[in-house]
Structures are given as C-alpha cells and as structure tokens.
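One structure is given here, and the rest of the page talks about it.
Letters A, B, C and D name the chains as they come in the text, with residue numbers starting at 1 for each one.
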Amino acid sequence: MRKGAMRRRDFLKLVATSTTGAVLFTGCGIGDGDPEREFKIESPVLNPVDLVYGRDNWYATAAGECGLIVRVFEGRAKKVEGNPDFPTNLGASDARAQALVQEVYHPDRIAQPLRLTGARGSGEYQNASWDDALTELGNDVNGARGATLVITPPLSGPMGQVVNEFVRAADAQHVAYEPEDRVVLREAVRRVFGTDTLPTLDLANTNFLVSFSADFLHTWISPVQFSRQYGEFRQGREDVRGTYWHVSSRMDGSAANADRWLPITPGTEGLVALAMAQVMVSEGLVDRAVAERVYSGISLDQYAPDAVAETAGISAEQITELARRFAEGKPSVAIAGSLAAAHTNGLFNLTAVFALNYLVGSVGQAGGIILNPAPPFGSDVPGPSSGLSYTEWTGVVNDLNSGRYQLVIVNGVDPVYGLPEALGLREALANAGKVVALSSFLDDTTLQADLILPVHTTLESWGLIAPDPGPGYQAVALQQPVVNPFVDSRAAGDIFIEAATAAGASMPWPTYEDAVRAAVDSLRRLNRGNIEAADAKQYFMMAQAQGGWWDTTETADSAPNAPETATAAAQPEYAGDPGQFPLYLLPFPSNSLGYGETANLPWLQALPDPMTSAVWSTWVELNPTTADRLGVGTGDVVRLVTPRGSAEVPVYVNPAAHPDVAAVPMGQGHTDFGRYAKGRGTNPLDLVEPATESETGALAWAGTRVRVEATGRKVRLPRFEGQVPAFQLEGAPIIEVIPSEH
Amino acid sequence: MQERHSFSDERIIRDLLRPVTQTSMMNWVGFIVLGTILTAFLFAVGWMFYWGVGVTGLNRAAFWGFMIVNFVFWIGISHAGVMISAILRLTQAEWRRPVTRAAEVMTMFSLMTALLFPVIHTGRPWRTLYWAFPYDFWRGIWPDVRSALVMDPSAIMTYLTGTILFVYITTIPDFALLRDHSTGWRHGLYRVLALGFKGEERQWKMQIITGFLLAAIMLSIFVSVHSIVSWDFAFSLDPVWHSTVWAPYFVIGAVHSGVSAVVTLMALMRWMFKFDNYIRHEHFDAIGRLLVVVGTTWMWFFLLDIFFDLWRQDPADDAIMHMRFFEWPYPLLLAFVWIFGYFIPVPIWAFRRFRRNIKLMFWTSIMVNIGMWAERYWLVVPGLQAKYQWTFSWLPYRPGPVEITLVVGSFALVGFLLLLFAKLVPPVPVWDELEGQHLAAEIQVGKRTVPAIVREF
Amino acid sequence: MSPRWGMVIDLDRCTGCQACVVACQAENNIPINTEAVYLQNRAIEWIRVERYWDGEYPNIKARYIPVPCMHCSNAPCEPVCPVYATYHTPEGINMQVYNRCIGTRYCAVNCHWHVRFFNFWQPKWPESLQNQLNPNVTVRSRGVMEKCTFCIQRINHAEQNARLDGNRPLRDGEVNTACAQACPTRAIVFGDLDDPESQVAQIANTTTRGYKVLAELGTDPAVLYLKKIDPEAPAHGGAESA
Amino acid sequence: MRRILRPVVFGLVVLVLLAIPVVAILARSYFLSPTAQPAKAQPIAFTHPFHVNTLGLDCTFCHRTASTQASAGVPALEQCMFCHRVVPTTNKPNLERLVQAFESNTPIQWNRVHQMPDHVKFVHSMHINAGFDCATCHGQVQQMATVEQFRDLRMGDCIDCHRQNNARTDCAVCHY
C-alpha cells in the first residue's frame, strides 16, 4: 500500500501540469468556454494502482463516528458514502460526511508551511520549506521545555498516544477543546452511568422516546447513528411505531419530527424531569426505592407538576401525560443535551433526565440507553476524554497572560472561534512566546500563529478512531488515506513525532502510520472481533478493506447500578436584568455547520437550515407575536443587545419559535476560514456573558438574556423557501398525514 | 359636420408624399431619441447573450417574465392590421382608408419585434436552429409538433408572410407614384418595387382582387395566431392558465390593444406629418365606436375568465386568484387593467364629443395599451410564481434592468422602424385616399351623415 | 424486459436532515448554490427538502418532504419541448438531453413539481474544486435545463456491467441513487418497480400509506410517497386526499 | 419574351437565395467532418504496422482495458519500456525520445486522433463484447503509418450502426 501511495503521489504531481486532470468538460455549446472534447491524450509514465482510466476505486475510511467508503477516480476523491459494514452507521451518511471531499479540494487550503511576517492576526505570511519549518519547530520545542501548551480536540487511540509521547518528551501541558455542552454531557454521563464513553440508544426497539433539547437527529453527538435507528424506530417494526416527544425551548430539527413538542422555558428541562419522576412515583408507576436512590437528596414531592408547571411554562397536565406515557410505554428512553446542558444548571438538567431511564429500567436494556464499553486499546493508549471547561480555560488564559508558555501548539481545533470572546483567548495568545498551528485552513486560531504547518485533511490521513458514542460494543474505525495529499501537507501525527524526536524522545514509531499499524496489530493480538487473518500484514489489509474492527460480543456491563449521588436541583440563572433584556438568547448548533467547524465548506453553507431554510448567514428566530411587538418582519435587521455586547442580524419570523426566545445559529462569524466563511454572519458566542455551569464550570452559553431592537434597515435573508410562510393549502396537501397506519 | 375638403389630386399627392420627400425636425428628433433607446436595447440583448439569462430577474418559479409578456403584447398589437385592413376592407368601412397602411405596417413591425422575444429569451439563442428548422434528417430527430412552441412560430411566420405580402400589394400603386415623383437612387428603387405598375385597368383590377383575397385569407390567421399564442399557456396544466376560454379571450384582447394602438398612431401621424386633412375627427369617431364594442367584449371575456377560475374551485387556482386580487403588486396591476384598460377609456369613448377630441383619444388609447400590457402580466406571471400547492416554492418575480430595457426598447424598435418606413413609403396610402376622394359620397342615415362609397366595378 | 425505475419515499422516516441534497450535489456536479443564487431564487437542488408548517404555536409541527423529479409516465414537461430535449426512456426515466436543449424553459413552466432547474449562469467552480467533479456526469452549461436523472450514470454503468457479466438482469440493490444511498433513516428506496422481488416494489405493493403528490393531474409519477403518521392529526383533517 | 424571361429570372434568384443556407450547412458538415481532417503528427512516431504486423501484437496487448472499461486505455510509458528496455534504442530517435521521457518522468501528450462530438459517452467494453472488431470503427490501423480517423463517428454514424444492429437508440444510452 505504501509503495502504491508513493506512486500515486507522483501521478498527482504529473497531473498538475497536464491537461487531462484539469480540463473537465466545462462547456455545453458554442461560446460557452472550453469544449468537453480533449485534444490531447496523455500517456502517464507509470501505471499507478489507482490510475485505470474509467475505473472507480473504493476505499474504506472513517470520519468522526462514521465508517465511510470513498469513490476515487483517477486519483481524485469523488464521492463519499457510508460504509455499509461499519456498525455505527451501516451505510448511512450525512451532509457533513458527504462534504468531506470539498475539504480536500478547497481552494483556500493552506498549501505549504507559512511563517508570519506581519503582526499576529494580520494574516501576512510567507512560504517556508518543510525542512526549515520542522527545524524551527524542533528548536522551539527544545527551547520551550516545560513551557509548552498543546491544544487539541479530545484524543484517543494512536493520535492520543503520539501526542502524549510528545507531551512527555517536551514536558508540555496538553489541553483539549470541545464544545462546552459536551463537557457537561460527559460529566453527566460519568455521574449517572459511571462511564467515560458516551452512551448510544437502541431506538430500533424503543417504544417511547422523550428528548430534552437534544437535537439527536441533526447535531447531537452522533446524528447519523441515531437517524439510522430513528428510521427503524418509526417504521422498522411490523406492529409498533415508536412515539417520540420533545421537550425544549426551541423547535429544532429533531423537535420538528416529534409527535408532540412541549415548549418550555429555557433551562427547565431538569425540573420537568423531576416532575415526571414525581408523577411516576406518586402514581406507583415505578419503583419508589429506585427513584429515591437516583434522586437521593432531592425531595421529589416538592416537584409535583403543579409546582413546576408555571416555571417550566407548560401545563401540569402535559407533564403528567408525558410521565404516564413514559412509564407505560416501555421500553422508553429519555435523553438530554445541547441547550439543556448549556445553562447554569446544565448538569442538573442532564442528570435529572438521564436518571429517568433508571426509573423505567431501560439502562442497558433492549430499547433503552446502551452504555458503551471502553475502547479496546491497551493501557498506554488513551481512551475517551473530556475537553476543558470554561473555568479551566480561564486558568489557561491566565497562565498565557502571565507569560508561562513560550510555545503554544494548536492542532485541529479553533478555540479562539469556539470559546466566547469574553474569555480573551485571542489576546492571551499574543502573550505566548510563539504559536504554532497545525491546520489545513486559516481559521481564527491559526490566524494568531507564527508558524503554520498544513496538515492532511480527513480523507488524506491515517487514523484509528474509537467512535464516541460507539454502537454499544467495542468498535474501532480505521481511517486511511484514500487519496494522496492534494497539497504539500503532512500528517499531524508525523509532525508531533518529528517534534518529539527533536525534543530527544525516542519514539517507538518512525511515522504516524506506523503508530496506527501498531495499534491495529494490538487489536489483532486480542484475538477476537470481525477480522480473521493469517498474519499481521493480511490482518491490516482486512482491516483496511472492512474499514475497521469490531467485536459485537464485547459490550459494557449491563445495567450498572443507579447513581448514589444526584445533582442538586437548581434553577437556571441568567445574565442580564429581565426588565432590560426581556428575551432569552439561545444560540444553537447549526444542522450543517455545527459549532462552526465546517463553515468553510460551500455545500454545507448552501444547505438550507431545516427550520428556516436560511443559508449562508446568521439570523435570529423570533416568534410572530414577538416580532409583531417589535414591529419587525423577516429580513428586518435587528440589534441584539446583551450585557456583553451587541450584534446586528436579520430576523426570521419562525411560527414555531418560543415567544420569549431569540434563537441564533452558531457556525458563522469567522474572521477567516477561507472564502466561503470569511466575514460572514455573526458568532452568537461573542454576545454570551461568561456564566458557567454551577458544578462543572463549563460555559453556560444559553444563559444570557437579550434585548432585540429594530434598526429600521432591511436586507434580503438568503433562504430557500419562497415568499409566503409555507403552510399547506387547505384541502390539497403536499404532505398527507394520517393519525395511524390503519 | 364633415370637415373634409375636396382637394385636387395634385394637392393630395403633394401632401401625402411630404413625409417621404421632406424630413421634418420632428422626424430627426424621433430618429435620435428612438435610436438611442434602440442602442440600449441592442446593448441589453448583447449583454444577455454574453452573460446568459441570469442577468434578468427570472427565477426558479417564474421561468417566464417580462419578455414573454412583451411577446404576447406585441402579437396583440399586430392584430390591428388584420382588423383594420382586412375586416374593414371586406366590410367596406370607408373610414379605414387613411389608417390601413399604418395599421398594416405596424402589424408587420410589431410581429417582427414579437418574434424576436421568444428567441432572445431562450437560454441558448444560437441553438434555436434546432427549433424551427429540422436539418438533422438522418438522425431522425424533429421538432416536436405537439409543442405549442412549434405551432407558435409557424402561425406567426404565416401571419408575417401574409402581412408583408399584404403591405406590399397595397403599396404597389404608391411605389409607382413615387417612381414617377422621384429621381436618383430612389427612382431606381421604386422602379423595381413598383413591378412595372402603370395604372392600367388590368393592373388595378389585379391589385384590388389580390388585396381582397389576401384580406379574406388573413381573416383565418386573425383568429388562429393569437389563439395559438394563448395555447402557449392554455396547453400547459398550470392553474389559471389551463383554460379553454383563453383563445377567444386573447384574440379579443389583441384587437382591443391593437386598435387602440392604431388610434395612437393616427394621432401621432396627424401631428407629425400635418395630415389634418386626411386623418380627421370622423375617423377617430368611427374607430372610437369600434373600440367601445371591442373593449366591452374584452371585458366580458376578462370577467368570464375570472369566473371560470372561481367556479373551478381548485385550491391551486384559488391560491393564485387570491394572490392576483390581494397580494402586492397584483391588485395595483388589476387596477391598471380595469381603470386604464376599460373604465376610463370606454365611458369616454361613449361620447361623440370626446371621440372627436384627438388629444383625448390619443391619451385614452395609450392608457388602453398600458392596461393591456398590465393585463398580460397579470395573466401570465402570477400563474407561474405561485404554481400549485408547493407554497414552499412560491417565489416572487422582479424584472431586472435588462428586461425593462428590452421592453422599453421594443417600443423604440417598432417606432424606429415605422419612422424609417415612413421615409420610404407614404404612411397614408395615396391611391386609396384618391380612390376615396373619387368615390366618396355622404349618405344620410337617420340623423347622421356617414361617409359611404359607391364602387363602380 | 427492461426495468421500470421508481422510488418510494417514506415521509414517516424522513427527518429533514438533507443528506440526500448534498449527496446529489456531489454526485451530479450541481454548481455551488452561492448566496447570490439564493437571493436570486435560482438555487439548483435536484432533490430538495421542503418544510411545511402545520398548526399554530405551541401546537405547531414542521413537516418535511424530499422532492426529486417524479419521472411521470405522462410527463407534462415532455410534449411541450419544441426540440425533444426532454423525453422518456424505455426504462421510465424522464431524461434531459443537454445537447439538444435550447432553453425555452417551457418544460419548467409546465412542471408542477418545481423539479426542473435552469442554468441561469455558467456554472463555475474554483479550479481546485473541479477535482471533485464526477467525470460520468456532464457539467451543464448556462442556458440549458437540468433535472434529477435517477442517477442515470449509475444505472447505465450497472447495466453495462450486467451485460458484460453474461447479459444477466440487474439485481435489486445493484443500482442505487445517490440520495437513497446517503439517506441515514432509509426513507428513500430506489429500484425496479417491475421486479416483484425488489424492495421498492414490495413496499409499493404492500403499503397502505402510499400516495402520489398531485396525483389528480394524472401524470402517473414514478415516485410513491408514504404518508406521514401523526397520532395527533385529526382523522380526516389535513390528510384529506384531493 | 420578357414576360416569360422575367418570372424565370425572378424564380432563379429566389432559388439561389434559398440554396445559400443549405449549401452552407452541407459545406460546414463536409469540411468539418472528422474524416476530412489531415492526419496529425504524433510526438513519437509510433508505428502501428510494425507492432501489429511484424511483431504480431494484439490491440489489447497495449490498449488493455478495451474489453473491460469505457476507455480502451492509452498505455503508460512503463508499459512501453517493458519491451523497450530490451530492444536497443541507440540511433533510433523515436525510441530515444521514449526513453528520455520515461527517465525524466514526463508524460507524453499524444494528439487525439478520433474526434467524437461533445457530450457523448462511448463505452469500449460494450462494443467489444458485442463482438465488434476494433477495425469496425478504427479501420485497418495496422496499415496506417500515421493513424487517421476512419469513420465519421458523429451522431448520424452512431445511430445508423445502432439501428442496423438493433442496439438501443434512446438518447440516454449515450447522452447523460
């Protein structure tokens, strides 16, 4: 494989100068530019393995929790599909996986190492050679021994191993960045289920599902996996159609598919869950002992539906009915996430909801929440871990400001964009001696770097990923390069190995690929799983062909004990005086752009939002009555004023919006992220007051109040839908709806 | 009552040939103004060819817009020719004499302009060869005759051919006259065009018989052309378009706008060429009376069409009707259609005193055409932009600057060609006028004195 | 016996995630829908997901429907084209022949599903993104109509392979459209309606929920929708069939 | 006499005017016909007659994918060198050029000989497997010192052949 890979690389070099690769059938007639006809045919020098004219090659690889297969044609990645074998997604994929090819061929990809010439943030760089850049990095690492900070996403598997080796060799400190609600989620899972891995769901057998603000179909932890199960949940069984209720303060893409949506006051998810528990206990639907254990320290009787209803903004009858159906519709599941976690009482919200699953006995049972076992790596290989909470980030920023760090290495994340402006990370980085970014794109963090080392994109990289959440048993996805690097980039792992070697460590693997191979070999030595092979070489090939390793028998301990310590019940707190700031500001992760990490890809920018069909922009969703009161309509620019700051965004009047909520999508507002993201829209996190979740210290990014002021300006909000609010015409529906199958 | 004077033949000939022999200041101003607009028109066409249809305001729902509306409008205008020349000639309405040529020529040029629009509005106009001319015999691929867009060009081309022949036949005596009154290159040109017409008895006879025959044949085209244009819409399944009443409705609408355009033209000729003695109040009076009938019939069809849509009780139809009546800008357009197209002009025309007021006639006729243009837009565009139940895909249409230039330019194009034509051929048929002078008599019908004709052959 | 291609879309499974939309754009070289394109209302999405509101806050629902070309047996777009640029293949696909198209847009005017798209501009990609373009699919120039082809390039490719493989008939699942392949909830199923063994035919023949959008026009679409189930919908409320 | 002559002259003038576009189209079709184009010189004067007749190589020896893929495949230089490593190259300028290109890693850009119209997808494997000889479309390449286009290969040609062989003629077979 490596030999072939080298040759493919040669081929790519050749193609860059020739016509056949680039001239692609642009025209379709006279006067339309180049004709499709080619006037030259090229004899390549070599016969590379994947260069057979007209033949597709399919390679299995992985990204995130999904196993993928990629169609490669004449050395170019053309199309991404789900890997039908891989257990988490079984052939399904989503828009973000489809768009991975655009990452490879993005016109604004950094093509070679860059060295800063102007001031930090100026974006003035000059090209450098890889030899120079790596030498420089090596010197920096040696010079900043004990004063190096490494920022990455939470790493597991060989990449975590490599970074750990580097951290040890350079005596560095390693911190991980991930969206703050995920930090809360991990803590909640740890407390309620006692595992470090995120749980998955067995929706295919679930009868009743209630989601508390978790947009599990579109953005929450593993949307492809859950969507695949959701199809079975609804229509996969002969006799049962699963029922799904959604409790949240914003109708998101998942809530849109719910059988009933209960719009609650933001941050009261936990209270509703307690009220449900109270109903179930008092009506004898569940075992009181279990309830007392999981909610120990909380007196459930205080949380009768009547007591909670007003705070939560829904009626007691609704809560009671929800509780009854939840208890009677076994197997039933309750999940919570996203917005529920992003309040000052986020951990309480999540734990209170997840604990409901113990009441109905659906933890670790068919049709319930399925816990994931630890990944099958050896003890020296890190498993799933959590990102830093906002409070911890404050410490990092203080350290940076005190000049403790001579060298900061950022790989694969954009914390300057992803953390609120209030944290001051951008300014703090200016106090670091040197910032080195390992990145494919010039994002907000990379823009602060003195040295930029371009790294491979997903489809060009090696990797071994333990999906988090996994499919309920041990599974590992093998990521392999399906095409040669399109530009002169390196694997991030290789750079860390190089830097660690420069720092004097003797690394067990010469390249990152060897680290991956070693990890696969350790899987082989486990002597179980889906792959049977005679020797290590064949084993690796089989793993490449199947796209990973999994062992369906190796599941987590079934039904762990319910937690002893519950999280104290808490009401959400909001920054800002309700009189001055009457609405709740709810940022939400966007279906296509997520928390902003894919904002550089035009397909995803152009993908209509599921609720508003808006594209390429940031908007604020207001309820029609709220909009009327403010005297604004769709396309009117309003000023969002929070105690923290203000921003001007156009309004989208959303008939399903909560009247007290101003919801703004995340994902836009990048300083630089390539031509498709640069200077587009607003990042709502910049408006967020840095309130933190009371126990974990994570940022409560939904904990800020806002005032909406009309500016009188009007823009046309780019969106897919037409001129009228799309309600179906009476008597002539496009979507026919029936109450039941029969 | 009749302000007509009897002039000598020489005086008539001198007066009527004046536009050809002399170029007035008005004429130059006309050329320059229209020429400028025409340049913008050509530039807009070039711009659109170069960049593609993207420069217009058309979109995914409203695939047809200003250009198709304008096409229908000019086809409508062209119906003046048949109405005035053919029908009035066959019915021997005496008052047609001074206006026949103008009407026919306008027919010719407005048809040419109209024909331009479906071609330039296509995505790849250079490929329209596939369309009308099936040159690919050996591939076995032909134009699809089921398509109204194939019937359309054939109907219009037939009409255009007929009109050109008609104009030519009726101009032959004038060419002969011009030949005898001109020198130099003009003489040579008119000599060829006159086809050796010397005013012999046999030549006159043949000229007149040919004219009558052509007029009779053109009558069928009169009905067919605009019917087929309406089928461009009515053949489709689109709500509100899909209607059997559209063919006669379009025809009568065409006559309404076309005859009004003739009124405009008559007034303009009278002012520009000082034809006060030839285009007289009684002509306006007569054409005004015709317009009252035509306009009212059109209104009846208009209401009929609305009633049909309402009676159909189809949700998609209802949605579009709702849009047409209640959603911006369609109520405004509807007001234009009703007020300009009917409720101001027709009551005015009901009074003989107003009919004889040329300024009033001029402005009311312009109003009718504004109203009728709005009517075509009101008919065509809402049906597209709110098509069927997909309310999610209902998209508004706003014309772009290029389309507006094209529409304005089309008026300039017709005007420019008319002016140019008047430099070559007298805009009022001299021989017809002379014939009228010779044959005219006035007869008393009740209290009225009307012009009549006593033919001798 | 040639196949008759068809599709079943289960609205009860669809969640509006739009994976199909991006998959289609990747497969069929659909130009990037820029912000300007959206502002001009000219976005090209061969399959699109429409969202309809139902009810009033707080009892409001959003419902999704993916809309590809229906490939009607009596397609209204076909007879109106003056140049035969759109026609029906023997396998039941409504095809657009880009070479032949002159861009009168009459077909789009007469298509009631809004699934025909016009190239108002010359499609442009940054040079490096052109590497992703699918070589099996023509890039349409400005001035021509384009539409869903049921991924004809995949069908042709599979049929060619089947011919080479001893002229056997196609097996179910051998051809799949990009949208159906990507769909995470398996809401879209594609296959041969004439093959009783195929998944799509089995669903189409056994379901009690099937309906065709705008069936009253009598065009016989090849795309069968399965009705959305909503236990809270009135029994005869919005579900009334026209 | 003039009364007869005039209409005759008139008629002739009209006929000539009408004939002009027809002649123009036919002339365009004739002069732009692919078979009417002069043979193109190639960067390396590869001789098909020698390799086929003298050495007895089969077409698919070099054009390997003709029977399995859409494209017949132009051999990579590596494949040429398979033999030409052994065959002496000295004093043979063409072979020297080949070796030089191989050693300097430069692909050879051949001039495309067979021109088909735009937007048509031709699949070699289907035709080969239907039993057609390469020569049906490419002619007797083994006798061409410089390869020239043998058949018209425009749509009329394709359709004729498809009809004669009862192959499908619906548009989507080739245009998609």
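As a convention for this text, a contact is a pair of C-beta atoms (placed from the backbone, for glycine too) under 8 Å apart; a residue touches a chain by one contact, two chains touch by 3 or more.
The model shown is predicted, which means the values in this text are computed figures rather than measured ones.
Q: Looking at CA centres, what chain is most distant from subunit A?
A: Between subunit A and every other chain, the largest centroid distance is to B.
Q: By the contact definition above, name the pair with the higher C-beta contact count: C-D or A-C.
A: Counting C-beta pairs in contact for C-D and A-C gives the edge to A-C.
Q: Taking each chain's centre as the mean of its C-alpha atoms, which one lies nearest the mean of all protein C-alpha atoms here?
A: When every chain is reduced to its C-alpha mean, the one closest to the whole-protein mean is C.
Q: At what distance in angstrom does the C-alpha mean of subunit D lie from that of subunit C?
A: For subunit C versus subunit D, the centre distance works out to 37 Å.
Q: When the C-alpha atoms of subunit A and subunit D are each averaged to a single point, how far apart are the two points in Å?
A: The separation of the two C-alpha centroids amounts to 53 Å.
Q: Quick one: report the Å distance separating subunit A from subunit C, using the average Cα coordinate of each chain.
A: 30
Q: Do you know which subunit B residues sit against two or more other chains?
A: 61, 124, 127, 315, 389-393, 395-396
Q: Specify, in ascending order, the residues of subunit A that touch 2 or more different other chains.
A: 25, 27-29, 36, 613, 721-722, 725-728, 731-734
Q: Enumerate the residues of subunit C that touch no fewer than two other chains.
A: Touching at least two other chains: 41, 43, 50-52, 98-100, 122, 138, 141-144, 242.
Q: Could you please specify the touching residues of subunit A with respect to subunit C in the complex?
A: 21-22, 24-29, 32-33, 36, 73-74, 76-82, 89, 91-95, 97-99, 101-102, 104-107, 109, 217-218, 223-224, 227-228, 230-231, 234-235, 241, 243, 251, 253-254, 256-257, 259-263, 486, 591-592, 602-604, 606-608, 610-611, 613, 615-617, 623-624, 655-657, 659, 716, 718-722, 725-728, 731-742
Q: Mind pulling up the subunit D residues that touch subunit C in the complex?
A: Listed in rising order, the residues of subunit D that touch subunit C are 68, 117-119, 121, 123, 125-126, 129, 168, 170-173, 175-176.
Q: Looking at the complex, which residues from subunit B come into contact with subunit A?
A: For subunit B paired with subunit A, touching residues are 61, 124, 126-127, 315-316, 318-319, 385-386, 389-396.
Q: What part of subunit C is in contact with subunit B in the complex they form?
A: For subunit C paired with subunit B, touching residues are 40-43, 50-52, 67, 76, 79-84, 100-106, 108-110, 112-114, 117-122, 141-145, 214, 217, 242.
Q: Can you list the subunit C residues touching subunit D in their complex?
A: 87, 89-90, 93, 95, 97-100, 136-138, 149, 152-153, 156, 160, 163-164
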